[in-house]
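Next up, some structures in structure tokens.
Okay, so chain A shows up in both of these, paired with chain B first and chain C after.
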Partner chain A sequence: MIQQLFHPGLVAELGFALVVLLTLTGAVIALRPRNILYNVLGLALCLTGVAGLFLYLGSPFIALMQLLIYVGAICISIVFAIMLSRPLHLSLPKRRPAKVGLASIVGILVFMVLCSVVTFTRWQPAAVRGNDWSIATIGRYLLTRYDLVFEVISLVLLVAIIGAILISGYARRRPS
Partner chain B sequence: MNSLYTYLFIGALLFSLGIIGLFMRRSLIGMLIAVELMLNGASINFMAFNRFLAPDPAVGQIYTLFIMGIAAAEAAIALSIIVALFRRLRSINIERAQELRG
Partner chain C sequence: MVSALGPDVARIVVGLVGILVLVQINALFLVWLERKVAGHIQLRIGPKEVGPFGILQTLVDGVKLVGKELITPRHVDRKLYSLAPIVIFLPVLVSFVVIPFSKNLQVRDLNVGLLLIFAFSAFNVLAILMGGWAANNKYSLLGAVRAVAQNVAYEIPLLLSVLSVLLWTNSLEMSTIVKVQAKVWNVFWMPLAALIYLICATAETNRAPFDIPEAESELVAGFHTEYSGMRFALFFLAEYSNMFIVAAVATTIFFGGWQSPPLLNFLPVPGWIWFLLKTYIIIFCVMWVRWTFPRLRFDQLMNFSWKIMIPAGLVHLIVYAGIIKLIR
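On to the complex of A and B.
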């Protein structure tokens, strides 16, 4: 009985459903409430769910990177930016229903187009598929075949961070 | 259940939710959150293609890493611009930012 209850396949399916639920709930929380702190918490929830999806896609390394970079760095810096700005508990104007309706129409249209593309394309796996998922291979590719892209990404990140420091510090020096 | 279509639909759903948020929100941080959702939908797609179709299963993971790096740079720049804008206008509402127009 217990063996049947904790059948590995069933547990895997339940875990997958839980991860999908976490992702979609987090995405809705990230968009719906007016208080922006709830939005950031919903975004963190959604990104954790996406990390779980990456785990189900067979890549623990990318799942860990997702947790580190997105949940650990980006969400925290958004929270810092919120704390730097004015308290948001002042009464906000009501959200205009026309704008919400128009945004929903555009979003549903995009979703339908994407779904039709996904459904009507005949996806074919590559003829010869390797099965080398290891971190060592990723590291070797990053330093050999994708060398230039790796360096360019590092340069972009460096320039972006220096620019961020300059932009946010420049406004302080100059009284407006 | 654990097939290519499931992941593609989840990615499409996240992307559309991001678009809805991008059009619906007026605060700049809310729009940044929506953009992060869209980027995550894209990286789910990359990982799903990598898992089910690609000839070399390391390449999709490398692409996802690159997307994360770009997202980090974009978040840093966007947040610093938001902070600078807030210092100048005392608001992070996107409609107030139209005052930047010449």
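On to the complex of A and C.
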């Protein structure tokens, strides 16, 4: 009975549409509103949607890591930084047309490059999906097949740490 | 994942209904228990008027909360203000999906189950932030900022302690983690990890002595000061459900899950009773701690995490990794 009510394929399709909608809405919210806190929450929503896309790509591990790291750590630290910096009730700076134009051009360029990469790459068929989810296997793959990804993640964190040190260093040197 | 969603949607629907019922009953029971434990520790008897031993007290409280008006103060940020209670409550429901109540009583046994619980606990902080900021009130904002600082600080040692367990059990699947402990519970292998986990879990659920985000005497109620009626109740429901999840995870990864204690194997008691018993004993201990220790000061709280818990967690992880490497 319930099987007839909810056809599995239909549920999956609806879920996918929902996830895409979530990602796009998040992206728009991350760009449009002038309130910076809304932007960050939009980013969190967008990343949650991307985690959903990873689920549909058959990679729950990456999806959950995405939630854990991007939503749980990075978005929250951004919000925290915002709360500790400029008071939100002050008047917002003006949106300069030159800046907006330049940002749109860069955005469109990046989008075009990504599109061309997607269309011109000769994609390899997906690797055989294993059922072995033990910690040892995940660790082995991170250090062999996916070591580039692993190193890039470390690089991102390194850049973030150096940036944080630099910013706090500037703040300390500035005469108060 | 999609294939996992496929053939038995019925199971998911039934599971969801079961989870919703469990969440409600759990909150009703825990509120009553909390007041009773508090009462007995403070040499009074707690609620006693409504029903025998006051067991209907929280039911009546619930009816009262439902009847209350939903007040939205004029200066709040409306969208975030009304969204926050929902955002705090929904992820809690997801976390219940992977909790193994017994060998067969589990909505879905994902092979990354434990990771799912930790990933979705992240939304908790985000919701607290939304609520605290949207309330447009100094004290709410302070409460929210405190909550974030505290959660970020205690998440690290929590994950470190869980990591040593994962190295030992070699799986993220909840049922496998339980099965590994068939002979010896993990708590006997790594008592220090269990201790670190329980301390950090207490902090993560904002329970005293770590209840700094809602310190009644300083911040009134912290991030949910401006909320009333059912919106406030949702925050409460989420807090008590989080307590349950945290205790259930502790039961699963340290205390042998649904398995009976080693010497009581002969008793014909179903697994889910052992599971609930262990979970509620842990919750009882957490409540006991709440009514025994005074609240920490904020700098003490931060120092405790960054200077004691995180180094302890790291050392524990390295030492146990070495031991496990030697044994295997």
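Note that the second predicted complex is superposed on the first by the 94 of 176 C-alpha atoms of A that agree within 3 Å, B and C clash if a C-alpha of one lies under 4 Å from a C-alpha of the other, contacts with A are read in each partner's own complex, and residues count from 1 in each chain.
As a convention for this text, a contact is a pair of C-beta atoms (placed from the backbone, for glycine too) under 8 Å apart; a residue touches a chain by one contact, two chains touch by 3 or more.
Please read all numbers here as calculations on a predicted model, not as lab measurements.
Using the contact criterion defined above for the overlaid structures, shared-chain residue A:F111 touches chain B, although it does not reach chain C.
Judged by the touch definition given at the top, the superposed model places A:R95 against chain B, while chain C stays out of reach.
In the superposition on chain A, contact is made by A:M65 with both chain B and chain C. Contact with chain B, but none with chain C, is seen for A:L31 once the two complexes are overlaid on the shared chain. In the superposition on chain A, contact of A:L41 is made with chain C only, not with chain B.
Contacts of A:M83 after superposition on the shared chain: chain C is touched, whereas chain B is not.
Touch criterion met: A:W123 reaches chain B, while chain C stays clear of it. Judged by the number of chain A residues each one touches, B leads among chain B and chain C. In the superposition on chain A, contact of A:L22 is made with neither chain B nor chain C. Residues 12, 56, 58, 61, 65, 73, 77, 80, 84, 131, 133 of chain A contact both chain B in one complex and chain C in the other.
Those residues of chain C lying in contact with chain A across their complex are 1-2, 5-7, 9-10, 13, 80, 110-112, 115-116, 118-123, 125-126, 129-130, 133, 141, 144-145, 148-149, 151-152, 155, 166-167, 170-173. Only residues 12-13, 16, 20, 23-24, 27-28, 30-31, 36, 39-40, 43, 46-47, 50, 53-54, 56-59, 61-62, 65-66, 69-70, 73-74, 77-78, 80-82, 84-86, 95, 99-100, 102-104, 106-108, 110-111, 114-115, 118-119, 123-133, 137-138, 141-142, 146, 149, 153-154, 156-157, 160-161, 163-165, 167-168, 170-172, 176 of chain A touch chain B when the two sit together in their complex. Touching chain A in their complex are the following residues of chain B: 1-2, 4-10, 12-17, 19-25, 27, 29-30, 32-34, 36-37, 40, 43-44, 47-48, 50-59, 61-62, 64-66, 68-77, 79-84, 86-88, 90-92. Residues 2-3, 6, 8, 11-12, 15, 37, 41, 44, 55-56, 58, 60-61, 63-65, 67-68, 71-73, 75-77, 79-80, 83-84, 131, 133-136 of chain A touch chain C in their complex.
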